[in-house]
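All chains are identified by letter, namely A, B, C and D, in their written order; residue positions are counted from 1 within each chain.
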Amino acid sequence: MPGYRFICPIQVRYGDLDPQGHVNNAGILTYIEQARITYLQKLELWNGTSFLDLGLIVADVHVSYLAPIYLNQNVQAGMRVSRIGNKSLIFEYALEDGATHTPLAKGEALMVAYDYHQKTSIGVPEDWREKIARFEGIVAHS
Amino acid sequence: MPGYRFICPIQVRYGDLDPQGHVNNAGILTYIEQARITYLQKLELWNGTSFLDLGLIVADVHVSYLAPIYLNQNVQAGMRVSRIGNKSLIFEYALEDGATHTPLAKGEALMVAYDYHQKTSIGVPEDWREKIARFEGIVAHS
Amino acid sequence: MPGYRFICPIQVRYGDLDPQGHVNNAGILTYIEQARITYLQKLELWNGTSFLDLGLIVADVHVSYLAPIYLNQNVQAGMRVSRIGNKSLIFEYALEDGATHTPLAKGEALMVAYDYHQKTSIGVPEDWREKIARFEGIVAHS
Amino acid sequence: MPGYRFICPIQVRYGDLDPQGHVNNAGILTYIEQARITYLQKLELWNGTSFLDLGLIVADVHVSYLAPIYLNQNVQAGMRVSRIGNKSLIFEYALEDGATHTPLAKGEALMVAYDYHQKTSIGVPEDWREKIARFEGIVAHS
């Protein structure tokens, strides 16, 4: 998937389908979340178990639905951080068919750095900037 | 909820909660869908049973998450059509706490008029324009 | 609903439906969970917010599906504790159509008393026995 | 997984987790459904797309929860038909950790042969008996 260094395969479930026979629109957010959670672990920004240390809260999402997603479809989710701000990050994502490369959905999410212990937003930690910038090949402007 | 003539109560479920103890971000789209589906039935644009006659497909959604939603919270979803185009409609929505009127989420969805029998987009039917314009007190520009 | 002192209304969602146009079989467990969680709060066995104090873990469930559940159906969930053991309780439940009283599903769940702080099963607390026995009109055998 | 000729890997999602930090009890039914749907396609009992031809409806399920399921866990679902009756089949299933072989859940489902076009139960088709009996190495008693 051009432009994405991180790709997460998604297993489409019968339980994701709605009466129209394709994946329900809300399910796409679950796919995107799955890719984001996997990305965080891949970059060692979260350990996958201590939920109060997750470090991000969703502030804003946008999804464009480009094609229906069906059962048994080979869905690949691309995920990248496109911008690192003082207290937030922008994640961009795209879903495509892994076999035909048909675009299925795309969008972005504004994620705010968050301390679930203190229940307050925080600055993006310095090591996050470094790890993400290194992985993505972007410049972290703090 | 000022600006909304249609309000749909939402029952928050334990099953909507994620490890952070509040409603998962994808669940908000399910709430919004529920309000939209109820709106369509209220205005007699859909009968609630024949899914191939549903008449709309989601093209694009945007959600701003304004406050966490908790179990037992009295959630009210406002839903309105703000624009009727040739082949699509814009639905605007807002979630708030029914007791405190705290805003919880807001956003909009671009819905394309769709014929699930023929699997093709269609023009917004004339009776939809009339019913929506009458309910919302807006001018339907076709 | 004869035999049930606790009834919880369930809001059927479009998001609960599967390609067959009725509520997916897994969704029934979510409905039952919702009734159980509400029951626990009604009897003041849980406060609804501190999840480590929830006090029960599911060990075993059984569901009989008696009729399909549709969108807009008026679903009522009956919930009762039928037996209080040393370390577990049996919850019985039934779903019915609130208008026609058609039975929709029924079953039971074996719930083990559990301390999520210590991650260990515990004895059923004495005040649980008293509160449940009083509400249900049963004898708590410890 | 001893005793199972059909194994389906399950991708655990963040969206499956509940406030206790493990997969919600209702999610297990979704996993089991996914294994069953995949089994039906593997044995060419369903083509994966025409939902009115699915041929089975859930009558009764039982699940024993043996261990919590966590994010990132390697979950394998075993699925088999243990009995073929005149109008129904019994599916047995087990979930285990693919790395440690720790049992996670097990149970069975009574599935009734069903014609969604006519909305009526039917006899188990003869070719189903043959295909299942051949795959499972069991005797189909009709």
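We adopt the following convention: contacts are C-beta pairs under 8 Å (C-beta built on N, C-alpha and C of every residue); 3 or more make two chains touch, one makes a residue touch a chain.
Since the model is a prediction, treat every value here as computed from it, not as a measurement.
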Pair joined by the larger number of C-beta contacts - B-C, B-D: B-C
Chain located farthest away, centre of chain A as origin (C-alpha): C
Chain A-chain B separation of Cα centroids, rounded to whole Å: 24
Intercentroid distance (Cα basis), chain D paired with chain B, Å: 34
Interchain centroid distance [CA atoms averaged], chain B/chain C, Å: 30
Sites on chain B at which at least two other chains make contact: 14-15, 19-21, 24, 26, 30, 33, 51
Touch list for chain C against partner chain A, complex: 14-15, 17-21, 24, 26
Touching residues (chain side chain B, partner chain A) in the complex: 19-20, 24-27, 29-30, 33, 51, 54, 57-65, 116
Chain B partner contacts - residues on chain C that touch it in the complex: 9-11, 13-15, 21, 30, 33-34, 37, 41, 48-49, 51, 70-72
